[in-house]
Amino acid sequence: MTSEPPAARRTYSYLGPAGTFTEAALAQVPEARAQEWRPVRNVGEALSDVTEGRSDAAVIAIENSVDGGVSTAQDALATVPGLRIVGEYLVPVEFVLVARPGATLDDVSVVAAHPVAYAQCLQWLSRALPAHSHIPAASNVASAMGLIDGSIAADAAIAPPGILEHHELELLASAIGDNPNAVTRFVLVSKTVAPPPPTGADKTSLIVELPDDHPGALLEMLEQFATRGINLSLLASRPIGDALGRYRFVIDADGHIEDERMADALLGLRRFSPQVVFLGSYPRADRAVVHYPERYSDDVFVEARDWLRGLISGEPDDA
Amino acid sequence: MTSEPPAARRTYSYLGPAGTFTEAALAQVPEARAQEWRPVRNVGEALSDVTEGRSDAAVIAIENSVDGGVSTAQDALATVPGLRIVGEYLVPVEFVLVARPGATLDDVSVVAAHPVAYAQCLQWLSRALPAHSHIPAASNVASAMGLIDGSIAADAAIAPPGILEHHELELLASAIGDNPNAVTRFVLVSKTVAPPPPTGADKTSLIVELPDDHPGALLEMLEQFATRGINLSLLASRPIGDALGRYRFVIDADGHIEDERMADALLGLRRFSPQVVFLGSYPRADRAVVHYPERYSDDVFVEARDWLRGLISGEPDDA
Amino acid sequence: MTSEPPAARRTYSYLGPAGTFTEAALAQVPEARAQEWRPVRNVGEALSDVTEGRSDAAVIAIENSVDGGVSTAQDALATVPGLRIVGEYLVPVEFVLVARPGATLDDVSVVAAHPVAYAQCLQWLSRALPAHSHIPAASNVASAMGLIDGSIAADAAIAPPGILEHHELELLASAIGDNPNAVTRFVLVSKTVAPPPPTGADKTSLIVELPDDHPGALLEMLEQFATRGINLSLLASRPIGDALGRYRFVIDADGHIEDERMADALLGLRRFSPQVVFLGSYPRADRAVVHYPERYSDDVFVEARDWLRGLISGEPDDA
Amino acid sequence: MTSEPPAARRTYSYLGPAGTFTEAALAQVPEARAQEWRPVRNVGEALSDVTEGRSDAAVIAIENSVDGGVSTAQDALATVPGLRIVGEYLVPVEFVLVARPGATLDDVSVVAAHPVAYAQCLQWLSRALPAHSHIPAASNVASAMGLIDGSIAADAAIAPPGILEHHELELLASAIGDNPNAVTRFVLVSKTVAPPPPTGADKTSLIVELPDDHPGALLEMLEQFATRGINLSLLASRPIGDALGRYRFVIDADGHIEDERMADALLGLRRFSPQVVFLGSYPRADRAVVHYPERYSDDVFVEARDWLRGLISGEPDDA
């Protein structure tokens, strides 16, 4: 009689400490439940955990509806080889203002906040605390931690609501973000693997460089998508870094690499571009089914290939 | 000891009678030497000889450098199924003015000529015979035959130079065509067969209908070629015939169906157009090697497919 | 007491003789009523009547729904300077088979017909007169005239129905054209004048040469129209005549030169093309109002110019 | 005898305090010499100084060769009306590591740095101070100021080299930036005024929204430039902020609004886009003359307009 050895626990890296928005994203990953969650200090550490085998996957923030692409994450994905995006998760961005137990809003003159969070709450702060000053913190949780351990000389901190589950803090105000619909998009990144199967509601992420700097190169790149009926949900330019005016493009395109129209677009991109990094095809967080003109359906591609094969073999053209 | 049975003689249809430019084109077809040449009265008869098995192939005029596409030939190829162009031949268009033996230019007041030939010699006629009148003839040879047998009441006839090899006629003037570089393009048409192998100096002929009448449909069709670096040597519109403003397009494109870029363009056309007729890929008459940007070479297409296959299987992206 | 001097009668040239389709087109020109109609033998003569002042205008056939562009007319308009199209007229193309008085269909073995008319009746002839032979005639009326005066050795002639009003002939069969909806488009051509004012249902005719022979030149030309929401009702290629593969394009575009979007397209064409011939803007024969996206309306163009002027002068941008 | 009243001193706002890269940019502005320089705490304050009349102009960082667009500056220019860019300046980005007088590199375990500066020195820090930890500072000068006044609990600070001219600090290391060619682009922003005259080496900055989210909208926008031979030196997408996937585009295009091709492109954009913000045309910092195909020169535009005017007036077409 033999017994199955227990499956090894999997490890997931995320921007810690406990209570960050990234942890909230990780909590949405079904296969991460009851596995090991590994807090790290920045996206570079999260990705090297994956490439060097310390973690099976990492969750990183990739885009914010107010602030735009997270450039460090985009740049890391563009340059670190051996990674693939396998999932996408959305976390509403809400902020609370917290203080040490017993404090009130009247006591607040100095506010600790991560600079991005600070920018997203500026309208509220200008109204509620017109005379405040700001101390930048390293993360949305570090701001509150600094209050607790006294390492930041502030009276209050901007933090995600989840902070209250982990630490004893006074809630001074909630929903202080200027845009109530703000949302941050996170991706789950693993080592290079085969993409998860198509679901009909998929997204493909790419990094593309242009062949050279002429008026039509970007146009030609975008035509690779437009001429296959593929919509882009993200197009961001990032400097390659060697000179002003040299960019690579971060792209999210609707559809899956195993969709015929997407495969055809990828072939076109590869032939055109000096550098295409395929970051992955994965189910969209919102599960919205991708719509496209019927003329770009898989059937149409398959039929055309059969037709071409017939022409070359000399079968009569029945068109 | 066995002996090979003699190969069956092949039959080639052409617009007769002997002496036409079409016969001169047929004389350029190596495999037609010492075979049976079958003169016919029009392009419809030539093509039905092929589809109904009376001939193995037919030579038909398809385009003239002065007059443009031969619309009856283009329309026949667009609508008669089961045909394929397998070769192309160029014949310089030269005309002579001939008369009955003993006649001189001074005797000429009425000139018999096929209307197209007449139009191509009009400048010369206006100078040399300002007071002439014109009787139309059914072909470039019928004009001269009518002189001989008296069925046309003319004093002289415009005909190809070859007429003098077949009939006893007085040469009144030669090289009377207004454009000394005029040339007519002929194609050799067989039943549907596999295309002859690529030579690097090939042409592909197509008939394409547009999906519907909107400002961008023609643009989109042409982009199928332009985005694969394919030059068009012929683009002619022909009415479909059911209403004004509805056209099909007659296209000659540089390259062979077995060239990757052409195959890819054909796939794109087939997916886009309600009707694509592939007329054939065949060596160009002028044997001019087709040049195209390196990025559209076969290697680039093959490499891109390998890359795509690797992405789908989960191999690390080495790009 | 003074009296107005009588207005000089105007002269209109047309392809004669009386009874041709061209005469039927001229009968549709309101301002030609009760003026002098001058029959000529070909399109060249009609146009030189205008350029040399013998006529005020000429009516010429420009396109046939079955046969396509009338290449001689297109080529003449492309090369003869000083002309402008000022009107368009449609004539249904119907054919009858006529013979000398007393003849019957059983008597017919040889048919006289203009080659274009012959082609359009070929299906009927193949059914009704399978053993006939064909003698080409110079015009649709000349075929019947040759019967009458004995100059053509035929038993019957294909002609327009109007022939019966002018000549005593036996009607053997009517409506013998293969396409019952066939129609020919005629244009009225004058010396260069200002275009007639826009009606909202206008057409603009152009001849355009491409800058040089590269894959994208035709695309770029067509984009001049597509990017201004202008539909093309005719696009025909005509050889320039100096070499195979060199074309000019004959274009009919929906709209009037005084429409902002058309004026802008013409500017774009002029900047792009080595040669643009503006043949005219004139009311469509079918009076069909031209529809186009709202974003290409005159208002939008005018507003954009005002905006640009404000930017340059330093007015605050109110956008 | 009257004497000229002294000209009022002009005021220029910049991100302070003294010693920042922004001050280095301001030092390049010739007309700012010997005028009042007003240090401010952030880009919002700098721009409201201008719109509210406290300053005549402001210098703000707009793009970094390593880090990409400065999103707060781009967003501010997109949303604050009444501003115009009138000049551009480049400042090489160099960093030094400084400490309190007498300290050495061995004493350093905690480093204060603005997050962007920290990211640009990370490779050097990983080699030289592998065990360091990071405290974020509000600016590149605030990091060093915090050392001096004790408000930041760090041992060293990353700062621009200019800091040593203003404060007594120990230089621990210089040229510690990871990219020796890093450069930041600054712009000089005034109230809306007429653009400075064209110099032949100009740039035009725009913010453009797309009409709606369909595959071709971005393509169509880019074609407005490409079809006039205009190169883009910057194309960045910024979220509009109301939902994920909705972007505006920040564009720098080569050329001046008074160049015909640029004026024409702006007209096209205005007709196409629901919102175009013209930020200004101004001389490029690098004074590099803009090259473009001859067919887009001013002469060609002027000639085409003359031609069009002639057509409409009925002058003979001399083309």
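Note that the chains are named A, B, C and D in the order they appear, and that numbering of residues resets to 1 at the start of each chain.
Definition applied: a residue touches a chain if its C-beta (ideal position, glycine included) is under 8 Å from a C-beta of that chain, and two chains touch if they have at least 3 such contacts.
As the structure is a prediction and not an experimental result, all values here were calculated from the model.
S.K.: Touching both chain A and chain B, which chains are there?
M.R.: Where chain A and chain B might share a partner, there is none at all.
S.K.: What chains, if any, are shared contacts of chain C and chain D?
M.R.: none
S.K.: Report the inter-centroid distance (CA atoms only) between chain B and chain C in whole Å.
M.R.: Measuring from centre to centre gives 27 Å for this pair.
S.K.: Indicate the whole-number Å distance between the mean C-alpha point of chain A and the mean C-alpha point of chain C.
M.R.: Each chain reduced to its C-alpha mean, chain A and chain C end up 61 Å apart.
S.K.: Would you please write down the residue numbers of chain A that are in contact with two or more other chains?
M.R.: 223
S.K.: If we use the touch criterion from the header, which chain pairs count as touching?
M.R.: A-B, A-D, B-C, C-D
S.K.: How about chain B: which of its residues touch chain C in the complex?
M.R.: On the chain B side, the touching residues are 63-68, 71-72, 90, 115, 119, 134, 136-138, 151, 153, 179, 181, 183, 185, 213-216, 218-219, 222-223, 225-226, 229-239, 241-245, 247.
S.K.: Sort out for me which residues of chain B touch chain A in the complex.
M.R.: Residue positions touching the partner: 81-82, 84, 192-195, 220, 223, 227, 257-258, 263, 266-268, 270-272, 275-278, 295-296, 300-301, 303-305, 307-308, 311-319.
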